[in-house]
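Okay, so chain A shows up in both of these, paired with chain B first and chain C after.
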Partner chain A sequence: MAIQTRSLSWMERVYLSLLKGLGITFRTMFRKHIVRKYPEEPIPRSPITRGQPRLAQNEDGTTRCVSCGLCEFVCPAYAITITGGETERFIEREPKEFQIDMLRCILCGFCEEVCPKEAIFMSDELEFAGPTRAEHVLDKQALLRPISKLRQRIEFSNSIYNRWRRTALPADPAKNPAGPAAEPPVAIGVPHTDPTVRNAPSQDSNKNLPTRREP
Partner chain B sequence: MGSLTEVTNTGDGFMATTIDAVVNWGRKNSLWPMPLGLSCCAIEMMSMVGPRFDLARFGAEAMRFSPRQCDLMIVAGTLTWKMAQAARTIYDQMPEPKWVIAMGVCASSGGMYRNYSVVQGVDLLFPVDMYVPGCPPRPEAVIDAVLKLQKRIERERAWSTGRQRPMPANPRGPILARS
Partner chain C sequence: MFSAIDWSLVAAMLLITALAFGGTVAVAGAMSLAERRVSAWMQFRIGPNRVGPFGLLQPVADLIKFLFKEEVMPEGAHPVLFRLAPALAAIPAMMTFAVVPFGIGNVTIPFLGIDRPLVVANLPVGALYFLAIGSLGVYGIILGGWASNNKFSLLGSVRSSAQMLSYELSLTLAMAAAILMSGSLQPMEIVRHQAEHGWNVIYQPIAFVVFLIAMFAETNRHPFDFAECEPELVGGFHTEYSSMKFALFFVGEYSAMVGMSGMITTLFLGGGHVPFLAIEHTPWWLSVLAFAVKTGFFLFLYLWVRWSLPRFRYDQLMDLGWYKLIPVALANLAVTGVLKVIL
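Right after this comes the complex of A and B.
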């Protein structure tokens, strides 16, 4: 079998074909960069971004959490620790201690999904390196965030979780001291407009549930 | 260590602090990472050294896979007890000065896996300088950790009184039910 050889051009013999490679280098050097210059350019966020979980705080400073313990129960990493306590408000319960170990939290969002009071949301906070383990265990004071800061995430999570909520929660529980029972329930289940979901539910999602057949 | 430290007893003199500043500047701006990529966080670490989130902008360009040539070990992923001996060997093979970043919750504290096979935090095996929460932490969050580590290195006493590294008091460390 003959080995195919190719005779070199004069440029290659004089090693000037180096310029061809250098041309590619210089062309790439002056092309537009795709580097995101991080500390100067902040991390791009969207409502879908799941950052660290934070407790929602109403405008009057009260927490929405009633320390039901659902988030603690559903957390796959057992990162949440709650101690319930009493309060004089209508809700009667609020957490005495609420602790999330951020070095256990996997940012799954289950706590946000299961919360019946819209009290915990995945904020957009993502950058928290630290030299000790203890500083990452956040207590209730460190976790509270006013709902004005969580607005985008609240709207997004409502748009996806309202599919299986029968009634809407009152916008601000503190504004209705008589309690949620005093307000007429608003039926929801409006299909969200997420184009990536096939077979979005119809207007009344309860209508299409299968009924029990008589034996 | 040489005659310079004998001249200044406390190590706070002009010479010692100037040498500290120069040595620390050199060390912090040329951290060569040893990527201990164990699982999913390794993917984010790879993307961190890629072109979009460029770690080479901060000097940590040369990712050598031999611990003998590195000074920063990034533990990226879940460390199991089966791998623990190898990880400790790699740490021991790194020459001083060395730093460790525990990237992600699995490396920092065992994360989601509270079981018999996962090391509940690599600080049970060797001292850690930076913990990065997240599962996985965004590449920018790890770059933030490297920048914070650089700030800590700036403040070290590199030459004058020797590096003070906090070793865990009990090498097995405290294992808590809810850490």
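Right after this comes the complex of A and C.
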């Protein structure tokens, strides 16, 4: 392609047009800056923010996790270590210890996706710094968050994952007084309306993908 | 012989020297902060604001950081010259301010009762001293680049020496025009002449512009910073320098800027002369303030230009120096001389 050139004007040839540039920078000096003073002005977070995984805690202070071990199994980074235990509560099992090594975690969100009891969620906590390795291995006490704090994320993740679910699982309050019915109502099967999520995969979205041919 | 020494005179001179020297270095430090703040404002940013109120203690923090950094000397570097170069760059730059009058007239120093002019050394050949000492600064850059055994450093210093040699000519010619106007090489005299007959910038606008451009090239600042030239030469002559040696190059650069800004104020903007105010009626502090404001404007101009204009190409730089500035300055000098004789 030929390079488009244009002959310089008189102003440009004697470098007088440099003054124009100086004018622009001088005006900019008095314009508003666009920097966020980060630690003082926190980053705005929406439910779609996939921060560090946290365990949900019921209003009465009990854990929701039943130490089924699915998240430990699915975790691609082997970040989760669960020591199972029993409880008098209806759910019968709860973790004695639940550790996530945040130095291993890759924030993939698989644990949240796989959990059958809505017990582990990607929170909006992003800050992550410390001088030792040990303090990044979080135990159960450090991981537990009241479920009210995770409410938005729970609704959001349900609206995402439930699009693949044919039927919503109805809770039965008569059969199960201490169990799921006591849980705060969570929208199930509601298609997501978050405008930040675009092009979510549909059931037959891989129809258009080119098939890989075996040699 | 010793009894003839007037100790109060010595004390007065030391006081003025300390003021001028401390002022130069302090302003050089402040410039390192101003550079970052101004560049930030020009780019919609805030700049360093963490150390002290409004980040004002940032230069102090930088100094402490530089002091504790490791000094690295590259293999094959010349041990003596490598260590000498930063000092050679910084000391002449700080010395240039000695002949710049930072006020007008005399000041009576309290407790000593001595009348001294507001200048460190009121040399009769001050302008020559300024040029001579100022051009010594290029040795620091040449030696620094040569001694560090690095291709990029050497390229940077070769460029910078060629650039400073060619622009020194225009600088001197422009200065000569201003000197012709007042008929004296003594900066104090030049200032007094301007206070009585009007500023040189009115009578010598061409010399003023030439001096302004050459001043940017002499101090190796944008748009003529070919000694550093980060995108092409890594860091130029100071690529291999670390710690306090690097800081010395920086202090040298900023001190040279302060000296040059002071000199252009003295030569063309009437130094510490307040417009429409006779010398006799100007209190000394007001003249110092006037000088500070004018010098501050040129210091700001340095930053302003740096963050607005792109760097020249090297051949454009030489072209501008030899084919444009020197003929213009020469013609200006000739016309000034002829007019001076006729009128």
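Throughout what follows, the second predicted complex is superposed on the first by the 144 of 215 C-alpha atoms of A that agree within 3 Å, B and C clash if a C-alpha of one lies under 4 Å from a C-alpha of the other, contacts with A are read in each partner's own complex, and residues count from 1 in each chain.
We take it that a residue touches a chain if its C-beta (ideal position, glycine included) is under 8 Å from a C-beta of that chain, and two chains touch if they have at least 3 such contacts.
Predicted model, so just to flag it, every value in this text is computed and none were measured.
In the superposition on chain A, A:R13 contacts neither chain B nor chain C. Of the two partners chain B and chain C, more chain A residues are in touch with B. When the shared chain is aligned, chain B comes close enough to touch A:M102, but chain C does not. Once the two complexes are laid over each other on the shared chain, residue contacts for A:R151 go to neither chain B nor chain C.
In the superposition on chain A, A:Y78 makes contact with chain B only, while chain C stays out of contact range.
In the superposition on chain A, A:I34 makes contact with both chain B and chain C. Look at A:L126: by the touch rule set out above, it reaches chain B but stays clear of chain C.
Look at A:G21: by the touch rule set out above, it reaches chain C but stays clear of chain B.
Under the contact criterion defined above, the residues of chain A that touch both chain B in one complex and chain C in the other are 34-35, 37. Every residue of chain C that touches chain A in the complex is listed here, in rising order: 38, 40-46, 304-305, 307-309. Chain B contributes residues 51-54, 57, 101, 105, 108-112, 114, 121, 123, 129-135, 137-138, 140-145, 147-149, 152, 178-179 to its touches with chain A in the complex. The touching residues of chain A, when paired with chain B in their complex, are 34-39, 43, 52, 76-78, 81, 101-108, 126-133, 136-137. Of all residues in chain A, those touching chain C in their complex are 18, 21-22, 24-26, 28-35, 37.
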